[in-house]
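Order of writing sets the labels: A, B, C and D. Residues in every chain begin at 1.
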Amino acid sequence: MYSFICDYSEGAHPRIMKALSDVSYEQNSGYGNDTHCSKAANLIKKAISREDVDVHFMPMGTITNVTTIASSLRPYEAVLTAKTGHIEVHETGAIEATGHKIISLPQTDGKLMPEVVEECVASFEDEHTSIRKMIYISFPTESGTLYSLKELKALRAICDKNDMYLYVDGARMGNGIMAEGNDVTLKNLSQLADAFYIGATKNGALMGEALVLVNDKLKPNFRFMLKRLGGMTAKGFVLGVQFEELFKDGLYLELADHANKMAQKLAKGIKELGYGFLSFSPTNQIFPIFSNKIIEELQKNYDFYVWEPSDKDHSVVRFVCSWATEEKEVDKLLEIIKGFSKA
Amino acid sequence: MYSFICDYSEGAHPRIMKALSDVSYEQNSGYGNDTHCSKAANLIKKAISREDVDVHFMPMGTITNVTTIASSLRPYEAVLTAKTGHIEVHETGAIEATGHKIISLPQTDGKLMPEVVEECVASFEDEHTSIRKMIYISFPTESGTLYSLKELKALRAICDKNDMYLYVDGARMGNGIMAEGNDVTLKNLSQLADAFYIGATKNGALMGEALVLVNDKLKPNFRFMLKRLGGMTAKGFVLGVQFEELFKDGLYLELADHANKMAQKLAKGIKELGYGFLSFSPTNQIFPIFSNKIIEELQKNYDFYVWEPSDKDHSVVRFVCSWATEEKEVDKLLEIIKGFSKA
Amino acid sequence: MYSFICDYSEGAHPRIMKALSDVSYEQNSGYGNDTHCSKAANLIKKAISREDVDVHFMPMGTITNVTTIASSLRPYEAVLTAKTGHIEVHETGAIEATGHKIISLPQTDGKLMPEVVEECVASFEDEHTSIRKMIYISFPTESGTLYSLKELKALRAICDKNDMYLYVDGARMGNGIMAEGNDVTLKNLSQLADAFYIGATKNGALMGEALVLVNDKLKPNFRFMLKRLGGMTAKGFVLGVQFEELFKDGLYLELADHANKMAQKLAKGIKELGYGFLSFSPTNQIFPIFSNKIIEELQKNYDFYVWEPSDKDHSVVRFVCSWATEEKEVDKLLEIIKGFSKA
Amino acid sequence: MYSFICDYSEGAHPRIMKALSDVSYEQNSGYGNDTHCSKAANLIKKAISREDVDVHFMPMGTITNVTTIASSLRPYEAVLTAKTGHIEVHETGAIEATGHKIISLPQTDGKLMPEVVEECVASFEDEHTSIRKMIYISFPTESGTLYSLKELKALRAICDKNDMYLYVDGARMGNGIMAEGNDVTLKNLSQLADAFYIGATKNGALMGEALVLVNDKLKPNFRFMLKRLGGMTAKGFVLGVQFEELFKDGLYLELADHANKMAQKLAKGIKELGYGFLSFSPTNQIFPIFSNKIIEELQKNYDFYVWEPSDKDHSVVRFVCSWATEEKEVDKLLEIIKGFSKA
């Protein structure tokens, strides 16, 4: 049984394991106040071409979203998201747990379109309605799609006009940056977003996300929120060491590139066999449509999500590749699908 | 500069690093639904001599406390703690962030005495007062002291009488269990507590705490709370692998024992030199009292906490030893203190 | 300047003022534990033909919604509402302030259709998604429309099938019950809803809502939530006295009937003049469509809401009548509109 | 059965009832945006000799405390109170329900002494501890005692030095101001407090508290918090009308003065009979100590609180007088006590 179910099935890349082993007996300051976190932060500042930011290392994605959003907003301020956004669909009310309203809006290819945001902003009345204060998007989105630079700039313009924040969830940031056709850089993000995070749990680390606070207003007392919401890590250096390794010579993007290539090879092969897709995703998640009979057969040897029904007899499935996906497994899966297709 | 500042300065024990490296390319189910977590849970059940419990692996201590307490209580129910309890003093309102009241009570040697709890329970009136529903204690306490079996049974009796829960924070559980003079076993805890956790972040792991839910009422839907409060770990197996290694042949207690021995050797040496202590701690934290002049000298070569003033010219300091503390460093520190003492 | 802007512009009906004045020097128990609240609760039980319910008097609508929803749900449970629901649109995140997620769904005539609810229930996955636990509807809705008995029974059936609660916001309950064509009785509500409230602030009282808890599961410790969320009234008898007066001989329904009749007379007159309406509302709120020019003229002498644009040159307005609306003012307004129409 | 149990047993003063009746058919803007609220706010500004404040009318005391505290603090900021403070003891965790920590401190005569506050402020460390941001006191306190002007100035000085807020709960403000020996004026409060409220529920109104926000930092967006936490009143003018009447010619202080005089007459009489008191309270609450036998006898004809045991055979009781307490009832009670005393 081989798994294409997600990109957090495997552990950490051997280089990361080595880096962590190397510091086993080294004494470091607690709670992220150590030299590894400090070096990793500097490497990230270099990668995003911007020095005047705060970088915080956090263990997991949900708590990164929660802490950033709760720290940025006053209690009566709301965050806007596409209906399919992770914070709306798959965090079990974690944002609301901090007292904040999510306003969920129609999506296009998993994305929040500027005109939809504008309409929501216009619907604000007075103290009987929540202040529309933050736009939450994912890069890439839950469906593996990407915002173009132009789309990001349009969202930024709305934020500027309405005194709002733009926050980018980058759980799979590397996969977005390295995707074919992508025109957004980390530098762009550091210019356009008020805050964003660079995820490593899904890209080769044991666990860890690097939050970048760009807007000065979001910086003060962030560590108090981090502690209060449970995300502060006693051995913060464990996160720092991993990001240091990932960013010191490009390993982060290299691993994401591998995952993308494996997924795109799979997509190309499936497409050539004549199958359709739910959406065009250039990243490490792909969404082909198969007959339920084929899906049943595939499930005998593979783990993957059946995403949603397509019609009576067909369903969308999701295949995800990771930093550790072996090319021979991709080839093997393609062969098997080819076999079904001939039948 | 050698550090006695805490027991989370070093990384993970080499055996843990090896166990983690061994699974780098293994594919595991996400979110703790993997075989390593399952095996580790079984090992823990064996260690506590009780099968009918739920074990959840969580990344950090604060979020373990928060999730357990918030999951156990209805909104109008409060948790009782000693004034010096971790949740009262050092979690920046993390419990209150979930909407629950902490009632903080006078302490004796860092402990909550039964009569103090009884008085608090008696002060409940009606819907104008919070229901006293849970007792929170640490084993060992923040000052390194231990509840005796008799004291634990007295707290249990209060819980039974008043329909309350007893929750034990075991961030340093191993150090408590292995302490000289301790008469409490893990089996006792699994009989007396409604919930408790066995901490590994401070005892040889990269990070990880094992929460044991004993009372059936606390079990349903716990994973929903775990997700909602941000403590669910995508690569849950990273925690499972570590606990598997720690509990498969006694490594957990062995590491705690080492930390205790180092601290007690230090305590004994300091005592022999005629210094007093804030409290008697048989665990891996000790609290000697030095003149401020000596403290100033020690700070040139050592990291440690200056805990609180003792009198005008003296202060209490805290020295903590860990699984990684080297005996030669303990000896060296003793020599240095001896040097000051002669002067 | 006469106002058709809402049904809380005027104070209380003279009979209520007299009842309150009569008890000025009477000594009553605090916090709703008085004989007036007790008598009023009995009168309400009679009006809804059900004895085995708990009745709580609360000062205002938002806090009634908040307390009921927060008291009914565990933290990871969500409430479903139409996108246009009051709790979603006009309570500034008050539900989320208690940590609960609102899942907002497409509406039809301001109502939540059974199939929409079923689809939402089906989208539940596991601990990564909020449990769909409660359906929130208003009777009448924000647009003045009414659920039919058949529609309510369909929602009830979904609740029964999925272990969910049905909660009915009755801020304008009287107007719904007395509306022409309505086939839902208070008795029906007490059989179909798990909880509902009967609003009086918008129907002749100074302030006050009567919450009816039908489902036994929702009853325990409700007063603790009431106190904790700030809705407990020291002089609870002030609410009890008002409901006693409203329900002792039918005043409540009589006042609602008047408001409905005034609004329907206005609607009929406007319709006869050939104007269209946003929706068909048989209650005390009506939504005619006028040219912006006419609206501008009307605003010189009348207060009312301009609801939303209809087309480039026309807008929907809202006229609301209350227990105190004078028929001669309705006639006068109709005359004025007739005047514009001739022009 | 006559009641000395509290000062919210009776309804509203006849002048207030008349004022409310006078506006029954008057049309007013909703949510406090009406001329009565505006006039009442101006009268209060005059009474406190300060124009540059915001006045908000709220229905009840708990929600006033909750909204003010939650609105003033960032999530990781705590409020300090005496252990006996209302928010700590008698609000069922209402402050914590908004996510904020209460730090409860030792009290002296129900009051928070400057040195106790200073010690608490000094115990702040870093992001592992809540920021000490607000001091909460009551004037008068729960035990009827009063802060002197000097004591208030000392608390103010601590606030100035440490960037903290001083908030004064004035549920019984009138009784404090009018107490014999009191040297604090409303003007003093408007100079020394960052926020305070003037309570009317316990002083002649049906319900209503007037919150005064002095510090400019606390003013923006307060109405959003008011709505979000459920305290916004649709018929806000009902509160405005009452405060207008109470403050237009001194009725507020007159009623408080009456309550004080009745209580002090009772206290004087009891004292002359040789009984002791728990504390010296110059306000409308008094705390005499009787034998349990006498208490039992009194309970046959009177309602009052048995506050706490004094010794094996004696208890402290609380008698409260209100704006409506009749002097003849005070005399009668004194006679009865005198009767017991002779026996």
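Quick note on the criterion: a residue touches a chain if its C-beta (ideal position, glycine included) is under 8 Å from a C-beta of that chain, and two chains touch if they have at least 3 such contacts.
This one's a predicted model, so the numbers in the text were calculated from it and none came from an experiment.
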Most distant chain from chain B by Cα centroid: C
Winner on C-beta contact pairs when A-B is weighed against A-C: A-B
Distance from chain C to chain A - Cα centre to Cα centre, in angstrom: 42
Whole-Å separation of chain centres (CA-atom averages), chain A against chain D: 51
Inter-centroid spacing, chain B versus chain A (mean Cα positions, whole Å): 34
Junction residues of chain D - those touching two or more other chains: 75-76, 91-93, 97-99, 127-128, 224, 227-228, 232
Complex contacts: residues of chain D adjacent to chain B: 75-76, 78, 89-93, 96-102, 104, 127-130
Complex contact set, residues of chain C against chain D: 2-3, 5-6, 8-14, 17, 20-21, 23-30, 59-63, 66-67, 91-94, 97-98, 201-202, 206-207, 224, 227-235, 237-238, 303, 324
In the complex, chain B residues that touch chain C: 31, 70, 74-76, 98-99, 127-128, 131, 221, 223-228, 232
